[in-house]
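Sharing a structure below in structure tokens format, with a few things to ask.
Going in written order, the chains are labelled A, B, C and D, and every chain counts its residues from 1.
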């Protein structure tokens, strides 16, 4: 029988029970519900709201249940409304009517909000760990490829030669910001709502601060209505996950491109690819495709949680139960995708020669020629026009920039000096971009060290 | 061992296997996979692509497996890549190497697309049945309340008196369009892709048309690349579900409002409401709130499927596997929500007196006074201004329109006639709006009959 | 002064006026508002609800205004609430107080719904025309490339050789379904809501059917509440546009890939590409990238319109005004993107030699070898395994399938026959896939003719 | 002629020009483009990359243009590609070919990214100011209503009496977190990308740090590829805006409810409401409805920006141009909505008597009776059951809790004491919830002061 059964003249319709039940989805919340209940029971004892004996029995019962959950021996009932009811029913089996005293000075509303916040804190750590794994993999790979050159692309057209390490470090930066966002979200998530009651607070002499301390939370709620009606902490976490998943999708897209026959910049370990049931020659980067695809689910989760909250009057509405669908989905997508991507990066074998060849073709150092003229006093716009003409005419005759003689260059513009011939080499182009944050290997080595230090610092912060 | 194992120098990394596996999510596809495989095997026999003995063994094996699935006795393996591999492995257990012949003239790509289409067809029927259930409930309830009057709202302000049946029929119309959309989608979903192979067709003398006939499908694919690369049929179905769920959310919102103490237009059966763990007086329409909330998941699913497809080059990409997350989610939300809403409607008890009181207060028949003046030759805009002044002054003195005397009316405008006193009554206002599609009970009775006939026709169409 | 000014004790706050105004966004609606008002005025005359003289003056005034709008000489006021108020104020300037009579038997709610429906009908035609343009371009290009072969891709890995025309026809099919959806939406959009009044119908003897006929609409509303409260026709159109835009994004992605240096399958006309301000060698397919990008705006528009409608109680809420943001955005994205894509297709120059080279490399005809064995009685799975081993060993020695001798083949499996040597050629592989819907040129020629006939039929339907 | 004209053999097709142009949308960026260019020119001078005379002419020219923009006298060309080209062309008109030198050590990619970041920083301030305005309004209104009681709702059912000020402070808390998020985003937005060049850095001896200082930015980019390819700072800002808009929608929903005839808790100033063209008695909270509605556009913008970025390979793709559609939309929605909501709050007149009446009806103090029994030693669950029975039986006889005698109470449970009679009064219930964060007026007064101090501190931080 439900807690409110006495109020109703008829038992709950089984169709409603099934429709409103959240047990299956919420089993993941069970350990967090127990942590919260334990902290609540200890506070009730400290504040003498419950007598010590009752409180002790409750705590002992809850600890037993927590072990059952941990050891997967908890006997989940078929008909429980939700995970909180299931735990409560189990507690009643263990300690009898004393179980009811756990409801003192607490409502389902603040109880659920607490469990959700504790879960989300762990989820933040889970995603952060996965991003750390991914950054570590990227840094490890980058370290091997500082002097390896590949075309940097704009509009998927070869643009300028860059260091592969430099390219990978761009992704490290993006994931670093994802981690920063998650870290900042932690302060908003880690606020205890316990003591808000149904929505108005309680008349019992509770001590929310000590509950927060007990749970390792930084703060306590400031407004009881806000504490039970808001899920912006979920929306924020879901967004952080979706954005991290979108970042992952961009790197995944590159893996798909790089391992195509057309790019052929890299091969994945056989153990990381799948084949085809009909085409014996195929080696597919399925995992990368799924990382890309699942970012769409992350985006869908952000949409869902925001559309869910839109226009809801305060305080608690049952709609909030659905926040978990978005929460779990975004969490799994971000965490699992990041770990998978780390694994893929570690099994990606780059072909330096192929990447270099791609730089040589395609007039990638045309900018160097333009810059040469600028240094010789030619306005940039004019220099750009001259080099544009050179490229157009060479490409019509299928010749490379490197094949130009000084004499030919000077036919295009008299200010070309002999050094231009060296400046159009890929290595020179790479080394010359030594401005701060640039791709010159000397800069990239500094950046690698700094990025690694930052990564370690983030890990240490927690 | 996977089918393509011989191509690879190393077995698949378990992390990749787990990340790319879809078995759990796809168990729902199993019956459809089997239907498709059976039709394929029969065609291979008819076309003599397989010898009759082999084909018969395959068919017998698949039929056994279909029974195992149906009776939930199928031994799901832990390590299968997906539902298709699991079925194939089971077939091999049953009939040995002959199982391999089922791959003749078929690829995983067209196989999966077929199973997905068969599933979606059943899903269309499932949602359509649920909407039929909901429309039936709305029509049954409406029939009881043709003469019951409640305020029609604009901007959530009481606007004009309408028949409750008329209001409920507005929802019936919306769900009718949802059903029309689903019906039209059926023609695009019910196209057999079998024979498209991996993406290019096959050199075997297959007969796609007979497979389609065998499966009761209307058409066959026209282009093999399109057949394996497109999931717009999924996107269309997901959208139809999301829009139906949004329609459901609007009615659910009204149930929440109507059963509030403030509106108090209706009460839900006790067996359809839940209570509070802390507030003994509460009777909450949780199921209605969840219907409203889950429409947000439907919206998220549309977002996800479209974002998934965006920018994918043809033909098949593994990304497409993720279409099922959106498909299942939107399906469950639309179908379960519609059935639940039907149950709620059947358990909703309207308070005619309360609804009528709400019409009397609030100057709901002010428009009648304006129309009275218009019929007397006063320009509408001027008539509107006169009545606006009447309402403002009455509301300052807390008086109703019905309390006005003819003398008073004529002080506002000399063209007011005696009939104005009757025209401001709620019943008169209701009956007078007898234009086609209007709320007059005579119109509503016609509309009810027509809507019921349409509902029956839809059910008959399938 | 607003129409309802007399009711209020104070004029509207300018901040509210500005916040609620929709004039700028709605100027596009003006011609449709006028068409609707003209039809309404004519009906009022026919039904003798207005005297002929008044109705004639109104019609003459509206026709003048329609000309002003068409000739862009309409004097838009700065302070109008919306386009409907602006038109009404102008009418009053022209014909004096008689303008007020246009409000007879009509409310702003049904007036706006009608204008929106008329706009959407034209928008459907606009998108359909653009998709016709795009299909025509694709068919014209396809016709030139029936025998041109390129790799068909799965997982962006080369899979099997296909005809370029076949590949382009896959896109034609997708856009055909988009057009089918738009065509079906037309029936739901083209329903006149005029006569629904504010929400309840009217007491005037109106004739909604004749208004619909006058406007060339197929149907009239069946329920007045539904007529003013629903915007599912907008949501459906927005979705159709978004899905068409997603389809366009997939072709756009392929243009980006094909024109990359890595694929080099095609070049865009110089006049269709843009360059770089800093890299003189660049030739970017910006327009294709923007087509891809704008599909994201289409997806955002679907999200917005569904989230807008979610949970709104009936009947009219001011929220509905915001439907237009999504409507205009999705319309522009779909129509402009399709026309642009048609232009790009017409300026795309394919390099047959490059595409063929890509087929030769990469073991694209491995499936043929497997099929050869199957025809020789080897179970498919075993055949697959044999060929997988061949491919692995050849690729380790950088040899092609075509370089194999019969003797070598037989070392892998004794059932290889002499014909296998021919069957691994690209042309043979292409021609052999002559199953219905397959890529064999003979099939593609039939498909081209059929697709063109379908395209013409669609154009004729309207 | 465009900058890259010399590379191409034909001028840009006007359809492509129009399709790719962003001038109209980007005029808002002009002041920020100029700020960035000025800082760049000054740096080129300081670093002696340009000679002083040239740099000074450029600076003078840009300053003139900035004034033209500010005074709306800038002659916008019809055919400019974008705002950056328009400014550059104007500079050339003013100072001739020296204008070209501004391109030294800068690409369009880092130039655009800088302008976008500067715009976003101002947009953060704009939204933060609007939220400050809204919080100030809420605090001002709350201060007047500390002792005013209204029903706190769960499931839109009356739950427990709360202070109106307490309710409003819940919204203040939500907006406080929105402001915190925006503040944290500032650090990620305020990073100068200038010096990243097209994607690889530059060979000129630039000083990015001094440019950042000149512009008042905290940091400079760490990786040139990341600097031009990432728009996560846009996505983050768009999300912050959308979440703030969703928060606003919840308060807007409450205004709609409160000002309905059914709730009648408050009235809006006449000057803040609009009327109806057909129903003279209407007074609609249109502005609140539009705030609610526009949050859907905010959600659509989040969807769009994330779907836009998904799967894009590095570095710059033209897709990124579309980020601005989402940026502008979310910015306008969040800022304008917050200001409007502040105006509405200041014009909302609460009816204390009506709110109190709503508390008296509906057994709102039932929890007090249960708590009474708990304090008397009855287990909570049992106490809950007893009070549930009381409420059910009273409601069947239409009696209130306050009407109970002690004798009657004791018939339900012998442990009821005399104090129960006082404890069921609304005032007592309110005052008793004095736990931290609870609704007791003594707590609310403290919370008001603290919230105001926090609001002031946020304003001071900037």
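The rule is short, and it goes like this: a residue touches a chain if its C-beta (ideal position, glycine included) is under 8 Å from a C-beta of that chain, and two chains touch if they have at least 3 such contacts.
Since this is a predicted model, take the numbers as computed values, not measurements.
Touching chain A and chain B together: C, D. The pair with more inter-chain C-beta contacts, choosing from A-D and A-C, is A-D.
Each chain gets a centre from the mean of its Cα atoms; for chain A and chain C, those two points are 33 Å apart.
With centres set at the average Cα position, the gap from chain A to chain D is 23 Å. Multi-chain contact residues of chain A, defined as those touching 2 or more other chains: 3-9, 103, 109, 154-156, 159-160, 197-198, 257, 275-284, 286, 289, 292, 295-296, 299, 302-303, 306-307, 310-311, 317-318, 367, 384-385, 388, 391. Here chain B touches chain A in the complex through residues 2-13, 15-16, 19-20, 103, 107-109, 197-198, 269-284, 286-287, 289-290, 292-297, 299-305, 307-308, 317-322, 325-326, 336, 339-340, 343, 347, going by the rule given at the top. Across the complex, chain C meets chain B through its residues 3-9, 97-101, 103-105, 109, 152-156, 159-162, 166-167, 169-174, 177-178, 180-181, 184, 188, 195-206, 208-209, 220-230, 232, 235-236, 239, 242-243, 246-247, 249-250, 252-254, 257, 292, 295-296, 298-299, 302-303, 306-307, 309-318, 367-368, 371, 374, 379-382, 384-386, 388-389, 391-392, 432-440, 443, 447, 450-451.
The touching residues of chain B, when paired with chain D in their complex, are 154-160, 256-257, 260-263, 275-286, 289, 303, 306-307, 310-311, 358, 361-364, 366-367, 369-370, 384, 387-388, 390-391, 395.
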